[in-house]
Amino acid sequence: MKSKKKPQERVGVYICHCGSNIAGVVNVEDVSTWAGKELEKEGVVVARDYKFMCSSLGQELIEKDIKEQGLTRVVVAACSPHLHEPTFRNACSRAGVNPYLFEMTNIREQDSWVTTDKLEATKKAKSLVSAAVGRVVYQKPLESLFVPIDPNVLVVGGGVTGIQAALEIANSGQHVYLVEREPSIGGHMAQFDKTFPTLDCSACILTPKMFDAGNHKNITMLTWSEVEKVEGYIGNFTVTIRKRARFIEESLCTGCGVCWEKCPKKVVDDVFEAGLGYRKAVYTPFPQAVPKYPVIDHENCTYFQKGTCKACEKFCPTGAIKFDQQDEILTVKVGNIILATGYDLFDARKIPNYGYGRLPNVFTSLEFERMTNAAGPTMGKVVLRDGVTQPKSVAVIHCVGSRDKNYHNYCSSICCMQSLKFAHLVKEKTGGDVYQFYIDMRTPGKSYDEFYQKIIHEGVNMIRGKVAEIIEGEGGLIVQAEDTLVGKQRRIPVDMVILSAGLESRADAKEVAQKFGISCSADDWFIERHPKLDPVATMTDGVFVAGACQGPKDIPASVAQGAAAAARVLSIIGQGEIEIEAATAMVDEITCVGCKQCVASCPYQAIQFLEEKGKAYVQEALCKGCGTCVGTCLPKSITLKHFTDEQIVAEMIGAMRVMKSFEMTEVA
Amino acid sequence: MTNSIPEFETDTNCFLIIGSNTSEGHPLIATRVLKAQKRGAKVIVLDPRKNQIGHWADIFHTFRPGSDVAIFNGLMNVIISESLQDEAFIAERTEDFEALKTLVAEYTPEKVAEISGIPADVIREIARTYAKGKPAAILYAMGITQHTTGVDNVKSTSNLAMLCGNMGILGGGVNPLRGQNNVQGACDMGGLPNVYPGYQAVTIPEVQKKFQDAWGSAGPLTVGMTVTEMLHATQEGKVRALYVMGENPMVSDPDLNHVRHCLEQTEFLVVQDIFLTETAEMAHVVLPGTSFAEKDGTFSNTERRVQRVRQAIKPVGDAKEDWIIICELARKMGASGFDFQSAQAVMEEINKLTPSYGGITYERLEELGSLQWPCPTVDHPGTPYLHKGKFSRGLGKFFALEFKEPNELPNDEYPFTLTTGRLMFHFHTGSMTRRSKKLDSEVPEAYVEINVKDAGKIGLNGHKRVRVTSRRGEIELGVRITDDIKRGVVFIPFHFAEAAANKLTNSAIDPVAKIPEYKVCAVKVEVF
Amino acid sequence: MYEPKIIGFLCNWCSYRGADTAGMARMKYPPNVKIIRVPCSGRISPELVLRSFREGADGVILLGCHIGDCHYATGNHRTAKRMPVLKKLMEYTGIEPERLYINWVSAAEGEKFTTVIKEFTETISALPPFVETMK
Amino acid sequence: MTDRLTTLRKTIENVLPNVEGVLALRIGPGGITAPHLFSKEHSEELDKLALWPKEPVPDTLKIILRAHPDAKLAIVCRGCEERGIVEMFKHSQLNLDNLTLIGLQCEQDEAEFCRCAKPFTVHSKLTVGEPIEGVPDPLTAKIEAMSQPEKQAFWKQEFEHCIKCYGCRNICPQCFCNICALEDETWVETGRLPMPNPSMYHMVRAMHMTAKCVACRECEETCPADIPMAVHFRLIARDVREMFNYEPGASMDQKPPQLLVLEEGEYERSGLPH
Amino acid sequence: MIDYKNVLTTCPYCGTGCALHLQVLDEKLVGVLPAKNHVVSEGGLCIKGWNVHAFVNHPDRLTTPLIRKNGKLEEATWDEALTLIADKFGEVKTASGPDSVAILTSAKCTNEENYLLQKFARAVIGTNNVDHCARL
């Protein structure tokens, strides 16, 4: 029988005002006075309220009480523990109280911010404080376990973000596996011609980085590859990667290009060229591709489809074509993972009013990017779908799929600047009229608004209004919109329309998140640990996110995040070992009856069965502390540290006791 | 018990249970009551506490401890005034009915309601239910007997049973539920100061001669001392040596401070037991006996059913079967007639000297499982229910009994009435059950049960421990707040030596049966 | 009308953060639910739910990550297998099964959290107090 | 029954030389039956071999195996007891290689007494008697048909009768834990009678019997309060079968469903929100 | 050799007289099994009955006679203890008469033991000072 005697502890209770965030709704003085008096029987010896508990003065208050009043347990009622639990745990630790003897209760996000009635909010706060006090006396000191960090890193996604992250890490001397789904790294940025607001040549600034990454001794480049499975935990991930068959022997290939010159099969390139151009069945997406090796497109290759051809094999000077190549499954061990999987472009076909796909001279932003690229399908010429006619007037439509409750509520953040860039390029290349249809202009980056002013001076027509419809007429297109500045409907005839499509999360973002054990927001962007203070970490230790996979971002922000994620990873590697979850499960060998039910129930295979003893055993380093086994074990021989039945029940009783007492006083 | 346990399930149509916490004290008897209820029988429970059986009874009410005689008189008042009595039975089988009738006429339901706290209408309802529920059985336990009016209470139960013709029939009767496993057997075997085995009075010279012939020597013609008297006598030096086998008066007897004083005065105390009980700790010589699992013998249950106890394991350590110890001691003192080779051999002597046990042999028990005495011969089938056709004394006598207050009543200083009793999870002085892990974990320590309103009155706001004081002593213990106990009454289980309820209880005794008033004394309850 | 007492067991990774999200968006919901944070909905054994009712809870709400999104991969699968059985048991014992509610709320679903809490509080308010029904 | 008794005696006589003992029922003093370990040294005891009333023989097996884990034994088991043994095996509580099962098929009156859906053995290689069809369970049907308030009142009353003897737990062949959650005051209040409604004891026990109860009904039989608790277990067993396609004791290698991840279609059948 | 037996006996807690089997494995008490076709208990037991074996081998059990020497109880042999008692009883009986000895029999012991002890009181000591806690 477990000892059920209630422990005698000295508990300190601290109620945070959080300025007026909490104190504006919850009567914090009342809560602290009440706790000091009514919870005395539960062990409370000090109860205070303070403006900002998380401030250094607030923390010192706790530390001082611990030392002077001999507190053995600390409860802080403030914001979400996801925010400041570590802060107060550290404060306790400094004053000599084990961090696991601290309990935090959330009276801001889950009380003052969500409750209208001040009295009710105060009651709820009391109830939550009572619950925390009830629990904290049963908490036990825990010591963390440390495991060594594997210094290798996995970066998923070879766009500019991933490249940046990979280079930062590789340059510091650690090894990186860079996994890219496409045949070449480079991502979206490789498709662009110019970048806003500086109008640098995109390729000129990106390709050197791609080259560096491709040739770095510390980077293993795995293009045309995808991550299949991730196991393990921070410091010790085992990642399974499928390296798809290129049908090219990389060690023999020189990237001379004879194969794609000789390949008879022409294919519309709707990935890199956005459908405007062609490639062969054996190809590299673009001339500066890294790595230089082409891939054979199995679905379009005549040999694979019809069994004859082999032109490439015939002409290859080094005999590098290998039609019998198979997918390769690699297993790599890494300590940290950075996800930089980027974004998908919003599919403009979803808005039928804009006619994309139906009206030939409606283009998407990506199509226009390729069109203006000197190496692109039109050699940089701005022309209509017929490939020859230069447009005399062009409309650029903002917020296509963004800021629209039918599609995405969010602002894609890059479209305004991108559209201005398009206006400039149209003017520069055709001298025609440009009409910008926008909802609001958003130019908050460095030199962004200056760029906007400059474009206005170039004589671009700015029309504030959401485009209702694009129709055919008068030998071209007619854009219908309400000009909200003048308050009148306008019909503007143009030759060409560019839809500045928004960014959206990758179609398989959910699947990827699941694979890596992180979560997605409602729009399927990966969720960061904290939107302000921890933007590149995730709730899963050792897995970081960077760039547009976390939300729409422009190049500078993506690059910054790539570097930031790299810095976080390097700091972990630098620690050499990492503290892992102390709140793991534990088997009481005396009471375990050896029925093996827990072994089957563990999602991590962390429970071993010791045949000799006939008992179950938890491997701490594998245990993630979910507690599923606890719910399975009938005699309750397994306990989850820090979430024991005793603790949860005490917390529940604490909350309930106060609710009941209010009920009684109200009746009386 | 006049009747048998299985009859309850099959025959009884109404149960009047008073002063018995049946489902805790005698759980498997409560089972039969429950099964009868499922068959349609009515269950009436009266007790100062709404105990478990009270929760599922058809009629339940609390009453003031000690008002039993008044309640019975009130019930009989209703029955007679509504002519629900069994005239034929009264005429043929009983005597002195008129005296009873005259007396109970005074006890109107309204008057009884005032004394007992049971509303007049409820008294009427109970009376009607009982009278119309023939065969109806009265079940009681120490709640009836442990009073200074214990004998009156018992007589009242038989008054009521006879009034409705519920004696001598299957499923009826007056059924005291004996508390200890073999209290029936201990009485049957002459473990009393006034009788030899089989209730043969010590004062009758023929009886004395019979035993003298059989044993070579016998006791005097005078009645000996009861427990309470023995203890008093030690103080005066009248009793110099005391031999206690398997009893623990240091927890079980009333007014323990006084008991301690007496035992300290005893010149030579021998205790034979399986544990070093509170009494054994005071002994001059302690003899290690054996538990039921280590010896052969028989127990007689509350329905006079004699059943075998069989040895399952050898005695632990150097302990010896108690019957062997007695034989060895007797032989040591030079006595003859103690050369038994087995418990069976002892039973053979009992068969010869105890008429009611004449036919209860080990061979028959092996074959039949059990036999209920009276069973005078080896071809007698045993007696499931008594008084069939005729009472042992001939006619059944009605006793006209006035209600008398208990010896000690609450006052301003001691405002609560303390009543004591048992719990499901412990047995008697707890020497065995408190050493059983499972049972001990259920109720590891003593507590006082108090009504929720009284708890508020004494300021028990969240406090977990109280001090209970009577004129004789004080104990400190836990507290349980409940609305299942009558206001003004507190209850303490007596199993716990460290907070022994019997430090508080009154040693005032019934003048006839010499039974102490465990069920009523005045106490105060204070928080600290 | 009475104020129902509701215990909410929320997983640390999705639902508790979903509640935080609701807070950050200043969405309002009734104060009856007292949230207890657990690592995973799989940690909640039927015993804990039953004990909450025993202590006088009128309703118990159990929120976890969406199936497939569990921070512990498949911890919530066990919840999805255990709790329906408990609901059935409640039904067979004559306890309104709607007193126990299981749903999935992600960290982003502040609005869903608010709706779920509002609806559950309404459901429970429409039932008599649990303790009363057991008397 | 004489016929089965003779055949069973013969079967045991044949098995006895190859094992350390055969667990079966024996008539004792006063005609009271109890499980007994028959041995070749005392084969004359087979004169007292009995069939009925059914006793929790697997429970006795459990006790013997704790002290003699490698004992080579045979056991006479009815359908329910065989299922119990299978579950014990699946919970690593015994080694089937060391155990000879002698299946005893129930007769009509016995099956009806137990309201048994499967009064026959399926795994035993040696069998005695002819298997018969299962019989309906009118009690469970009756209780299930009650309205919610009726159920509430019914079970409140039944739980009020409970004297907390732990007999149902003690006698259950599936309760083999060293310590028991029902004895932990975190879950079941100690020392209180009647237990507060709804009984934590019975609710927790019903949950623990999920995917475990083999419908032997020993619990109901030993209950001094006559509580029809197996009704709960049977209703839940039906749900588990429907939701997760699992039946305790039916197969040797199927794992209890609540341990595993959701299979195709299970979530949809669980009744949880989509 | 596995020595397992069920010993049918009567429960020593309370006067109901339920039957139970003591489960004995290799001469150790390992459990309790109710008796299904018993006339009183019909296969049921209360919690005390189910745990009746638990105290038997408790370490507190008295395993040897004890004699008080210098105020303390000390272990002694059976012969020492019985001789001391016999001598003392004899001396008290001779000096103060048989009624200066009193004997408490037991409602927890068997009929046979109660019979023998009252026989001892009446036949060996010569007193009717025999009682037990029937009233308690």
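Things to note:
First chain written, first letter: the chains are A, B, C, D and E, and each begins at residue 1.
One rule holds for everything that comes next: a residue touches a chain if its C-beta (ideal position, glycine included) is under 8 Å from a C-beta of that chain, and two chains touch if they have at least 3 such contacts.
Predicted model only: the values in this text are computed from it and were never measured.
Any chain touching subunit B that also touches subunit E appears here: D. With centres computed as the average of Cα coordinates, no chain lies farther from subunit D than A.
Innermost chain of the displayed assembly, by C-alpha centre distance to the whole-protein C-alpha centre, is C. Across every pairing of chains, the maximum count of C-beta contacts belongs to B-E.
Farthest from subunit B in terms of Cα centroid separation is A. Look at where the CA atoms of subunit D average out and do the same for subunit E: the two points lie 37 Å apart. Centroids of subunit C and subunit D (each the mean of its C-alpha atoms) stand 34 Å apart.
The mean-CA centres of subunit A and subunit D are about 53 angstrom from one another, to the nearest whole unit.
Chain geometry summary: the mean Cα position of subunit A and that of subunit E are 77 Å apart. Residues of subunit C in contact with at least two other chains: 46-47, 51, 74, 78, 82.
With touch defined as above, residues shared between interfaces to two or more other chains in subunit B number as follows: 27-28, 31, 308, 369-370, 424-425, 437-438, 441-442. Multi-chain contact residues of subunit E (touching two or more other chains): 5, 8, 19, 38, 44-47. Every residue of subunit A that touches subunit C in the complex is listed here, in rising order: 80-82, 106, 108-111, 113-117, 120-121, 123-124, 127-128, 131, 510, 513-514, 517, 519-522, 527, 539-540, 583, 601, 603-604, 624-628, 630-632, 640, 643, 645, 648-649, 651-653, 655-656, 659-660, 662-663, 666. Contact residues of subunit D toward subunit E in the complex are 20-21, 28-37, 53, 55-56, 59-60, 63-64, 67-68, 71, 163-167, 170-171, 221-224.
Those residues of subunit C that touch subunit D in the complex are listed here as 46-47, 50-51, 53-54, 67, 74, 77-78, 80-89, 91-96, 102-104, 133-135.
Taken together, the subunit D residues at the contact with subunit A in this complex read 91-93, 176-181, 183-186, 208, 255-256, 258-261.
The residues of subunit D lying in touch with subunit B in their complex are 29-32, 157, 160-161, 163-166, 183, 185, 190-191, 193-194, 224-226.
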